[in-house]
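Following are the structures in question.
Below, chain A partners chain B and then partners chain C, in two separate complexes.
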Partner chain A sequence: MELLFNITIFPGMLYFLAWTVLLFWFFRKFMAALHKRVGPHFNGPAGSYQTLFDFTKLLTKESVTPSGVNPYLFSLMPILAALIAMLPSAFIPWTPSTTVVPTEYGVLALVVLIGIEPFLLFLSGFGSDNKYSFLGGIRILTQMISSETAFFLAALSPALLFGTLNLQTITESASWLSFVVLIPAFVLYFIALLALLEQPPFNIPDAEQEIVYGFYTEYSGTNYFLLKFAEFAEFMAVYAGATVLFLGGYKGLLVDGYLCFFLKMLLMAMVMMAIRAATPRVTMKQMIRLFWQYLVPLSLLNIAWIMLAKIYLLGGMA
Partner chain B sequence: MKKTIQIPLGSQHIALLEPIKFRFECENEKIIAVDSDVGFVHRGVERACATKFSFDSVPYVVARICGLCAITHSLASTMAIESLMEGEVSPKANYLRILLVELDRIHSHLLCLAHVSENAGYEAMFMRIMGDREPIMELLELITGNRVQFDYVCIGGVNRDIDSRIVATTQTTLNTLKSKIQEYIAEFSSNWSLALKYKNIGTLSLEDAYRYNAIGPLARATGLATDVRSSSKLLPYDEVGFKIVVGESGDIYARNMVRLQEILNSIEMCRNIVEGLPEGEILTPFKGKPQGKRLQDSKPLEES
Partner chain C sequence: MQTIQALFQDFSTLYIQEYKPTWLKVKLQNATDIVEVAKALQSNGLTVISTVSPTDFVEDNRIEMNYFFEDILTKRNCWVKVDIPREIEQCVIDSITPIFKGALWHEREAYSMFGVRFTNHPDLRPIIVSQDFYGKTPYRRDFDWAAHEADTLGNIQAIYEDFEQEQAQNETLLDSNSSQMILNWGPTHPASGPIRLKVHCDGEDILGIDPDIGFVWRALEHLVTKKDFVGAIVAVERLCFMDNINSMVGYCQAVEEIANVEISEFAKWMRVLLGEVSRISSHMMGMGNFYNSLGLHTAFMWNVDVREYFLDFLESYSGARIATAAIEPGGVRYTLEEGMLETLQKAIEKFDATKEEIRAIFVKNPTMKSRATTKGILSAQAIEEYSLCGIVARASGVKTDIRLDEPYAAYDQVQMDYVTQQGGSAADRLKMLFDEIEQSVAIVRQAKAHIVANIANGNFNPTKDHMVKVPKKLPKGEAISRVEWARGEVLMHLVTDEKATNPYRLKMKAPSFNHTMILGELLKGESLSDIPLIFGSLYICQGDLDR
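Moving on, here comes the complex of A and B:
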């Protein structure tokens, strides 16, 4: 019974749907404020029903499968992408008592499940039999390979610091001191996160002005909805990962609980939007140079810093 | 095995302002060849002007060639017709024509800058510039009655006069815009990530600009000092403070800078015009029909 509740409602389907609808609306409103526009306005209070209506519209529209593609690959990929994007939430300690799958290897599961996602998106672009989609897919792969080294090394630093891969233990042992020690790792994680989520300035795979809509180009209707849903579920997985690993999870200043967790995720979404409003897109070459020349060596240095800090600052902890 | 991939762009594409089709030959992320097709907007304007309309309505027809540069085409054809007729345009009308051309240049340059930043993936900058372009469009509406597609110029002068209220609005609008433009100059020249997209990209050399007859900001950014405003003496540009703006490097960055500096110069000119506008008629009648032969009888240009 509790498992059913977990799958359908709390860290499961309904939770992700609500998150997608609300965060989409929030992005549009926040972006509009940064652009000095109004944003969604007419439906509901401050236009908040707009995304709900948009998604309903997408679900009722025809889902076109172009001729010449492999229909199984083409239609399977959105479902698979959405499912895999939702899986990491099973390992996240949302509240002190809610972890669906309590495991000793939470960090590993999180990192691997986040890492698979771009590959599925590449396959969806590859299966579309369209030049724009294919190029978008290739760009995703290139970006993934470049950004993941930094991402993984940054994500593993809290595990090194606390000497455990258990997300629950990491959350519990987080303190102000460990937060300060982990700030460089958090910055690296955040930059790699932008590349992994294809957000500006690294929105190279769906660069509208170059390759129309990247791997999304051929998708419509329900399939497009599923891909968008996967994207937002992926946002949640990555934010939640950052919150647990670096920001102390559900711990708050006054009270612990899910609200603190949510506020931290929202804060990261806002920072991401602010970066989006402040930067133009970099090119592929610049992105690769940034990651391999600067971020990967820096993340290795960061590991060394974590080791030093563990020995000299937090000597008695682990 | 072929190492390149062909990417079609257009005829309708989000990065394009007008329907035009490109076929890029790409090697990895590098474009090595391009094939273009521009035949999407042939509307028969030339034929219509030659057969359907009398000479005094031709300026209004050619204004429809481009909605944004509404005054450029009609002004050119009006002045061509005027040069074939007897009469003199009053100084005031000439100044008003310059005013409109320069306001048109300001909003057109702003539109171009907005699209350049949008194509670099910088949508916030696009919104900012388009927002700052809006007061200029409102100013145009105030002066001519229309935001775009204003039939302001006519044979013998202009169709509407400006009053003290318009002068005051123009001055305040241009003052605000000037400070905004200075912000943009700072942003475009010092923003590191914009420089990554613009500096040394799409460079046109001075020799190429000369050989392929480049005009406008594209040519001036390479260092080629060509400007129809200084080379032709049809409008009294030297009296209102016109300065030619020339860039150096010929890349996108230099073009942006040339455009921004030209906007500053245009603002200066507009302010000079509205402050020192002489009294006089705005419309002096031209009598008769233009002198000259019909199109079929005339010789090609270089022989006559």
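Moving on, here comes the complex of A and C:
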């Protein structure tokens, strides 16, 4: 019974749907403020129904499958992408008592599941049989290969510091001192996160001015909804990962609980939006240079720093 | 001027006239001389060809070719005319493209519209017109538009067949063992606007680009001949409605010259005032579009926020925010009333309040600079070679600005100087836009102060001085008029017939035509990511590209 609740409501389907609708609306409103405009306004309080209507519309629209593609691959990919994007949620300690799959290897599961996602998006572009989608797919692979090294090395540093892969333990052992020690890792994680989520300035794979909509180009209706849903679920997985690994998860200043967790994720979403509003897109070459030339060496240095800090600051804590 | 005049001693000419302070008007006797003339002019510093404009005289059975050679550095210009036979088979003249690269598309246009064939032209394919006009001559006076349009099915068939053929051709172009492909960037692309760039690329690398234009061809130059001299302004302003005032100023000056009418001092200052407001509104969109092409929409939104206040002024003056139709032969269309200048004052204040923010975030943006300072570089030499103008030329350090070179309206009394940048890169062109907005606001301030002062001391009567009467029927004649439009030089070549009630021929040379022509050169060897950046930085508008 509890498992059923976990799968369907929290932290499962319904939770993700609510998150997608709310975060989409929040992005629109927040972006509008940065753009000096109003944003969604007429439907519901402060336009909050707008996104709901948009998703309902997408679900009821015809899903066009282009001729000449493998229809199974074409329609399977969005479903897989959405499912895989939601899976990390099972390993996250949302509250002190809610971890659906408590395991000793939480960090590993998180990293692997987040790492699979770009492959699925590449396949969706590959399966579309469209020049723009294909270019988008190639770009997503290039970007993934470049950014994942830094991302993983940054994500593994808390595990190194605390000597465990258990997310629950990591959350519980987090302190102000460990937060400060992990700040470089967090910055690296955040930059790599932007690339992994295809967010500006790294929105190269779906650069609308260059290659229309990248791997999304041929998708419409329900399939498009699923891909967008997967994107937002992926946001959550990555934010939640950062919150647990670096920001102390559900721990708060005054009270612990899910609210603190949520606020931390929202804070990251806001920073991401602010970067989106102020930075033009970089090119593929610049992105590759940034990651291989600067971020990968830096994340290796960061590992060294973590080891030093572990020995000298945290007294070689097991 | 003397040296240019001396040049023509070697050629048989029908007449040589001084025309305006900076122009020499020459009619050649033999069409075969044109290449030699072009060579001689080029070696004397007239390195820019503004445009090639045929005029069709059905009754005299001749087509008159007009070449406008310009020297953008020392401001000596030469207008060369020559007659060629009108029959399609004999309607041939030597191409000057091997000498002036800037004539490449202008000659193609003359070929598509008038059926003039240019020998030795490197790439004489039709341009602008859709496939159903291939081999026809839509701008000739005797072209039967009604009959052409009646054959709808045939026209669609022609377009369709050409497309099929092109598709088939694409495949033979590509090396099947490589990752080469032909990518259509446009015409229904998020950043392209109605233009199609046929991008031949290998993965992300561009091997070549062939721009296909004409998706918003409205045949404006033909349309004006169906309207009277006042009605024609609505066609002229649709050159590109972002800066509609200055294109109307150019047209109206040509009409006034033929009618021999001098407009009032007040109207001249109003033309300056309105023109600069219009330029500001265009440049703000230009900056926004530049950033849109980099995937950042904030600049556009912030600029539009400021631009609204300037549009408020245009609205208070003319009742329309975009297509104002506010300039008319004889002056400006409306009287200036109290309160209008207050709206303008608000706009200036809004601009002052936001400009430092916009400069700090968008003009000095480090990410933009890291991308744009090395892309799309045009040297001062390339500017002349391809006959570029406007902000694109000034961003490469070329001092050209019609407002100063050949002052019109009240620009001879305005305090201003050339605004230039040295680098010639995409980033420099963006900076130019912002610098010119500042310059325009300064001019608006001057014009406003001048108008207010002269109204106060009774020199200007804002309710009466705005118009002088221009006769409905104009004498036979022709005139050219140049204005510094937001995107560059606009040259209007107006021809009228005896007792004319409508223009006989109006050639509008618009800057985007040349700027699109060099896209292929600039983008060769770059990557796909640079297409929107360079395209956006050239400040191209499809309206004046296709006309």
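Remarks
Throughout what follows, the second predicted complex is superposed on the first by the 317 of 318 C-alpha atoms of A that agree within 3 Å, B and C clash if a C-alpha of one lies under 4 Å from a C-alpha of the other, contacts with A are read in each partner's own complex, and residues count from 1 in each chain.
Basically, a contact is a pair of C-beta atoms (placed from the backbone, for glycine too) under 8 Å apart; a residue touches a chain by one contact, two chains touch by 3 or more.
Remember, predicted model here, so these are calculated numbers, not experimental data.
After alignment on the shared chain A, the placement of chain B and chain C results in a clash. In the superposed model, A:35 lies in contact with both chain B and chain C. Clashing C-alpha atoms with chain B appear in a single stretch of chain C, chosen from 8-16, 62-70, 116-124 or 152-160: 62-70. Shared contact residues of chain A, touching chain B in one structure and chain C in the other: 34-37, 131-132, 135, 200-201, 203, 207-212, 277-286. Across the interface of their complex, chain B is touched by residues 34-37, 131-132, 135, 200-201, 203, 207-212, 276-286 of chain A.
Taken in their complex, chain B has these residues touching chain A: 5-8, 13-15, 29, 117-125, 127-128, 131, 193-194, 196-197. For chain C in complex with chain A, the touching residues are 181, 183, 189-191, 203-204, 291-298, 301-302, 305, 361, 365, 367-368, 370-371, 527-532.
By the touch criterion given at the top, residues 34-37, 131-132, 135, 138, 200-201, 203-204, 207-213, 277-286 of chain A touch chain C in their complex.
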